[in-house]
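Take this structure first; my questions come after.
Chains here go by letter, A, B, C and D, matching the order in which they are written, and residues are numbered from 1 within each.
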Amino acid sequence: MTKDTGERFVSYQELQRHNTKDSCWLLIHGKVYDLTSFLSEHPGGQRIILNQAGGEATAAFDQVHSEDVIERTLPPDVCVGVIDKKTMKGVAAPTVATPDELFEQAEKILPLSQIINLYDFELLARKSLARPAWNYYSSGSDDELGLRENLDVYSRVWLIPRILVDVSQIEFRTTILGFPSAAPFYMTATALGRLGHPEGEISLTRAAGAEGIIHMLPTLSSCSLDEMTGARVEGQTQFFQLYVNRDRDVTRRIIKQAEQRGCKALFITVDAPALGHREKDMRTKFVDEPPTEMKGKAVKRDQGAARAIGSFIDPGLSWKDLAWFRSVTSLPLVLKGVQCAADAVLAARHGVAGIVLSNHGGRQLETARSGLEILPDVVAALDAYYATEKQPSGPRLEVFVDGGVRRATDIVKALALGAKAIGIGRPFLYANHGYGQRGVEKAIQILKDELQSVMMLLGAPDIKAIVRDMVDASSLKMHVGPPVINSLAQRAYEPLPLPELSKL
Amino acid sequence: MTKDTGERFVSYQELQRHNTKDSCWLLIHGKVYDLTSFLSEHPGGQRIILNQAGGEATAAFDQVHSEDVIERTLPPDVCVGVIDKKTMKGVAAPTVATPDELFEQAEKILPLSQIINLYDFELLARKSLARPAWNYYSSGSDDELGLRENLDVYSRVWLIPRILVDVSQIEFRTTILGFPSAAPFYMTATALGRLGHPEGEISLTRAAGAEGIIHMLPTLSSCSLDEMTGARVEGQTQFFQLYVNRDRDVTRRIIKQAEQRGCKALFITVDAPALGHREKDMRTKFVDEPPTEMKGKAVKRDQGAARAIGSFIDPGLSWKDLAWFRSVTSLPLVLKGVQCAADAVLAARHGVAGIVLSNHGGRQLETARSGLEILPDVVAALDAYYATEKQPSGPRLEVFVDGGVRRATDIVKALALGAKAIGIGRPFLYANHGYGQRGVEKAIQILKDELQSVMMLLGAPDIKAIVRDMVDASSLKMHVGPPVINSLAQRAYEPLPLPELSKL
Amino acid sequence: MTKDTGERFVSYQELQRHNTKDSCWLLIHGKVYDLTSFLSEHPGGQRIILNQAGGEATAAFDQVHSEDVIERTLPPDVCVGVIDKKTMKGVAAPTVATPDELFEQAEKILPLSQIINLYDFELLARKSLARPAWNYYSSGSDDELGLRENLDVYSRVWLIPRILVDVSQIEFRTTILGFPSAAPFYMTATALGRLGHPEGEISLTRAAGAEGIIHMLPTLSSCSLDEMTGARVEGQTQFFQLYVNRDRDVTRRIIKQAEQRGCKALFITVDAPALGHREKDMRTKFVDEPPTEMKGKAVKRDQGAARAIGSFIDPGLSWKDLAWFRSVTSLPLVLKGVQCAADAVLAARHGVAGIVLSNHGGRQLETARSGLEILPDVVAALDAYYATEKQPSGPRLEVFVDGGVRRATDIVKALALGAKAIGIGRPFLYANHGYGQRGVEKAIQILKDELQSVMMLLGAPDIKAIVRDMVDASSLKMHVGPPVINSLAQRAYEPLPLPELSKL
Amino acid sequence: MTKDTGERFVSYQELQRHNTKDSCWLLIHGKVYDLTSFLSEHPGGQRIILNQAGGEATAAFDQVHSEDVIERTLPPDVCVGVIDKKTMKGVAAPTVATPDELFEQAEKILPLSQIINLYDFELLARKSLARPAWNYYSSGSDDELGLRENLDVYSRVWLIPRILVDVSQIEFRTTILGFPSAAPFYMTATALGRLGHPEGEISLTRAAGAEGIIHMLPTLSSCSLDEMTGARVEGQTQFFQLYVNRDRDVTRRIIKQAEQRGCKALFITVDAPALGHREKDMRTKFVDEPPTEMKGKAVKRDQGAARAIGSFIDPGLSWKDLAWFRSVTSLPLVLKGVQCAADAVLAARHGVAGIVLSNHGGRQLETARSGLEILPDVVAALDAYYATEKQPSGPRLEVFVDGGVRRATDIVKALALGAKAIGIGRPFLYANHGYGQRGVEKAIQILKDELQSVMMLLGAPDIKAIVRDMVDASSLKMHVGPPVINSLAQRAYEPLPLPELSKL
């Protein structure tokens, strides 16, 4: 027992003994936690915890979590006590590379000045990210058909530029839900930013601020809300992405915090009642079971992923909950993850401020269509709705799209088909990794530069000049043949044998 | 002559002399058979018999056949007599690996705990199955376009999830022909189970029982009907798949047996009046003829496959035979291998209980369309039929689909398009190989797990909530370009030559 | 001067001196020819002649030509005289491998008994044919898109089998232009048969005879008409393919000969007013010019191909010539190379007995559509024509298709779409190479065997049961993406560079 | 100061000291220029200038520029003075390979006589061009989807030849804007000809003249207008391609010069208000910044490309400027780079003489459709316009197409769809490189030869016989799957991992 708080003191030697699956203690920010019963529920898998069992886990913990995540999500009794610092003499403190050291290292692999498109950041990340981090960021669900389709769909839409339009002045500033944005795209919420860079969401939000872009802060951030909102610059807009917790009091508290810290809109994720089956990720998460344990009994598959997330995210969320959200906040509500025209019209009927057409970066339901593919149907359905139905008060809802955007041509295609703005996620994570804020700023600048050039070439001096007639989307819905190839099925298949020819 | 039965005693030494194509005797379960005249008719090819000629063939025989197959299918005079056991002193009994030994071996290559999808089982099987067994299981007909199309067709259908549906309770139990099933899929009949695992169909049926899944027992099983039905657990449902023999008395006897042993429905295979031309299989079956034999005369191709199966399966089977089936059994009749809407309506008119839309795993008619592709047409035609025609008594027939299913997304696509349940075959054979019952159970668990997750993500809490509007099948019938590539044609083609550039 | 004929005697030593481009003499079947001025017109290229200049060329000549080709096609004064045999003492006679030696050799590479489909013959030929022969046989025009499309088009048509049809008796015998055929395919005319096998068209026609298949004899045969018709067996049908010579007397003589020797129909090639640009072939034909010769002057391209063939084939051939053909022969006339519905109707109006839908094996106009692709349009147009127009007397014309057929499924697809019979060319040339007559017979047997099996599986006991409803051809006209890949364009294109990543 | 002109003398030693980014002087044709402030604006990138800093740069300069480009485009004060020749004693004059030496070298790699199609020239160029030159010539914008589509689109259009048409005389001479052309294609304007060959545009225009083909002279030539027009032969037609300068006086002067020097039409480029983002090109242009310089500050991307070209080309150019052009010249006006039917009709309304349907060789707006794809829409819209609207005086405008043409089949496809003539660019640059005029002539001859043959095979004896019914363009607009593959996206994507199989 400590004198002041009534907490128990734990010696380093005692901690060290609890280093197995059967008793798994970790030291994090000076406190000792018993995570034995949580092992099988950890969304990040057991292995990553077991690797730290019986030792100082603060550095590893900080890579993926904000300091308060344990208090927020686990029962209080997982805390065994505080470490007795006297017993730690001679134990070396863990070291983490600084942002500048990481920048130096990335520069040696690929100087930032040599980067000319968003794929370059991805290439660097694929090479230099730790494998579990790369697998977490880059993975999609099942066979990753949806993940790849998100990129490929853009090559089925072709542009129709107009000529002899005065494009000596290009203006692509716009508003998103009424808030000014330097460009018609925003930084969408992505989880676990510190997995790629020690400054995590902080450098992301700073880069967004420097470039006048709106940042949507994630629920599953690895920095705390205070850190993220604290990094905001004067006049910068931040939105907040929300995973709805089963416990509505927790959800209410999170919303209130976001509102109080100045977030301007609430993007409620509606496409994740369960977690997608992401195999790149899964291959690195499983603990190798010793074969002897399995002998003689059927092997039960770890049901971890869906269940674990289920303990945070409410699979019972439904349309009738929208009234409750309205009762606890005055923030504009946006549904993130709408995937068909019928639900878009329902959203309009429920009076939300906006919807994001998205298949969650191909990470949730496999072969759910890309946001771009459903955009024309959604816009047509909303046109019909607003033309004929008695509407709720307020302006027409805004339609956003995310997934697979790598080029300004992608952006203008979505705008031409009726999107108000486009969300971009992974590319900024990849840019943040290694180069930090400077990398993310450059990524944004590349897109702005391309946008300047593309709008000139398209004959569209401003956003409203990017109209439906500027795209040929007649092949949009054709899902035939590659480029989306089932890479597993293809490699599992063995081509027909040829007869063996003798060599004479 | 033996004293008791009047059978002749054969000495081991006499047996050993009959070891050629011209006189080919084998010892199987203590009896000696002269298979010389059967060599060219053996569906499995001559080579596999000749390899055992003049010796003890019981182990090899058991890999593919139930003990009574010779009695059931060959004339009685192929039995030369019983072996004189005195003459076998010092002859080592053949050894077969036990299931546990096989499991250990598979674990060393790929631990069962590491398997996260059905492709993993296929990969293991491709590596560790004996080549003839792999070739028999994995092959399709001709250029295997139909085989691959069965998988690829699913990537031309995309899902349309609904949001904000309460999916906190998922229920995917259903009924098949009125019998309860833990999931909307069943284990379809596959031949020669012991080729891959010594427990053959027994471990398949046990796994099905453990997981609440219905197993359709094959006519061409390598375990006997008694063994298969004996492995049934309390309350488990088994169906029976029937190849119709030319000799209707044989067929009647088989049906009666199946009925008496408790099978609940009869799936009559209607897509195999001849055997498909399966080249992976053929490459390993042919006997190398010495070139000298062929000199001076035209080489007649072994007409074996189609003829051989023709001696068992009746190519004269037709619609008018359905009345006969009804006269010999009260089991519900299902036609397995329906391939167009017209035949589906005919089936309804004949009052069958169900139909399986299938191209027989791509093993029969090459470029016959996949079951999934024809499903919407079939459902539409049946809707029209039941809406307008005077119907036979009884409920609407149930429509099943098989072929190429590897993911729960595949299953929900078929359900959304109107299937009652989905048949799965090869993946369970691959799982059975190496891991035995435990592997098959895990395969079923993987599908259930995926199904749980997919239905949550789709916004469908139960089977009836999976509706037509949840799939975009507009590209379903487009057969253009790859992913189905003609691997033979592609490798036979030699790309245009480039000019040779000198190196300076 | 010789005493008897007034021909000049030429000594071997004199012959040997004329071994250059400027004076190029060859000894062929005992006569000495001066081919200097013919060099640039030789359809087979200069190099192949120059290789024999100043020497005995009989063996090389016989590989591609019938003995009378020089008399038939070149002016008489190219013959310098007859060789003085006394002067040839000690000159070794050229040796040619015998058919049996070639068979032995092919057996060593790939035993005929191992061959299970037509691709296997192609594979053997690709490996063992002399490069110029392979290049001549296998080449298509330009980028070979049409050549490959001929095969690929079949994978865009899918089969719709019917079930529960009595297929215990399969009958695929049919008639072609009223003549009996053992199967609904025929051996189409292919040039230069002896390039691949010393028996050339003779073993082709013998195999056709043995298997009851009709052989269409080519104008550009390397055996003489007498040899080809002499190889006919009792009751065998032969047709004759005709290239129309500018000199109508020559054409009239050829037709008369064919008629007198018993050919039963005249297939007039109408798709070759010029020769296709075949690059595989061209790469081996060009003579390497010494660079010094080209200095200082523009290099004029050899205009050889089109011109050379132009001296034999009449580019002025037109519809009005059909009356002339009728005036010189009573044989049924068939137009070979019809490529659109409009010309098919014109052909019907002109009262021809049949048409072959063909793009000449992809060897003539590049990206001309395959015969199969135009078949439905042609049949529909003919249906309309025969339904409404006042017709010429006689039966409806028969429609044939050739190009790319490798499987019986290909054959039934064409039959279902309305073809009377299918022509097959290259596969028989490849089978003839190496295995000779035995190979060709096996190729035919393979197709018959497949056809037996495919018709059973399709539920079509005879040819007339193969109906339009048995194919889904809805993707037939879609030319998108691969499998037809422009192999030159693809290799000429250099993918975008990635940034160079340093290795740390 | 020089005595005569008041210019300052600069010693070689002084020149040599200004060899850095901070002070960058170059000696060009005897004058010394300070290009320090121009470095970041140079369209060709900084590196290429810095490589010459402080030295004699005439040879490098001449590779890409005509002698007067500095006077024409930079302020006069960049000229520091004239070199003091006395101070250059012992400085070796730079040497450039002569055309004959280059020809010899190319012959060693690939003799011109061996070249049989346009791809062969590209292959040679890819191998032997200096990397920056290859990158400049061959690059397209962004992911080069448009660049590749320009070639691929032709394989989605298939030909429909007619038979039995008298093609003994083929005539493909035509007129372009009323001027005679030996064939229905012209040599379109391409920049920087001397990058590939020291004679640059001169040998291009000479080859065009020798072959009776019209050459469109480029604004961004590396030879001067005088040189290009001086190389014209008797009766040869030259057009002039114009980039419109922000300074209309400059533009007026350029037009006047072109007119006075005998150019017959003015092709105004309307698809380049900004320069495309060409990554092949960019990878070689960037200067490696020392990493130390970037520490501690956000890296601003070089905004060079768009800005630099912006200083020459007027992004404000619009329809109303057409009146001004008419006021300064009587040459027929053609708009180069029209990309949709609406603009084609606008062009007709403005009374221009012609339009070029083009996406600028895939070098400007990425995924802008190919000229061929929009051709049918444009022709249909113009048909409607001329049928119904009150038209300006003068003949119907002529429609040209460029981009991706490599074969005569490509040419006839465009003609059949309504083009008057086809522009070809890169292939002639590649032919000019290495072989010079002789190479370009051969390239033209190859196309003429192919055209002769293709028109015979198509059954079209002259240009007007090439009609709409001769092409099936029903797949023209289908943008699905490859052959256009996103090579960056494909390589950035990492296929799903397979489980690791142990090797036993």
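Methods note: a contact is a pair of C-beta atoms (placed from the backbone, for glycine too) under 8 Å apart; a residue touches a chain by one contact, two chains touch by 3 or more.
All values reported here derive from a predicted model rather than from experimental measurement.
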Rotation, 0 to 180 degrees and nearest 5, that superposes subunit A on copy subunit B via CA atoms: 90
Fraction-based call for subunit D against subunit A, same above half, different below: different
Of all other chains, the one whose Cα centre sits farthest from subunit B: D
Averaged-CA centre spacing for the pair subunit C and subunit B, given as whole angstrom: 43
Centroid distance [mean C-alpha coordinates] between subunit D and subunit B, Å: 61
Of all residues in subunit C, the ones touching two or more other chains: 114, 116, 123, 143, 279, 283, 478, 480-482, 488, 498-499
In the complex with subunit C, residue positions of subunit D that touch it: 100, 103-104, 107-108, 111-114, 116-117, 119, 122-123, 126, 138, 143-144, 148, 151-152, 154-168, 210, 279-280, 283, 406-407, 409, 413, 437-438, 441-442, 445-446, 449-450, 452-454, 456-459, 469, 472, 474-475, 478, 480-483, 487-488, 491
Contact set on subunit A toward subunit B in their complex: 142-143, 145, 270-277, 279, 282-283, 286, 288-289, 291, 294-295, 297-301, 303, 305-306, 314-319, 321-322, 335, 337-340, 342-343, 346, 364-369, 477-482, 484-486, 488-490, 492-499
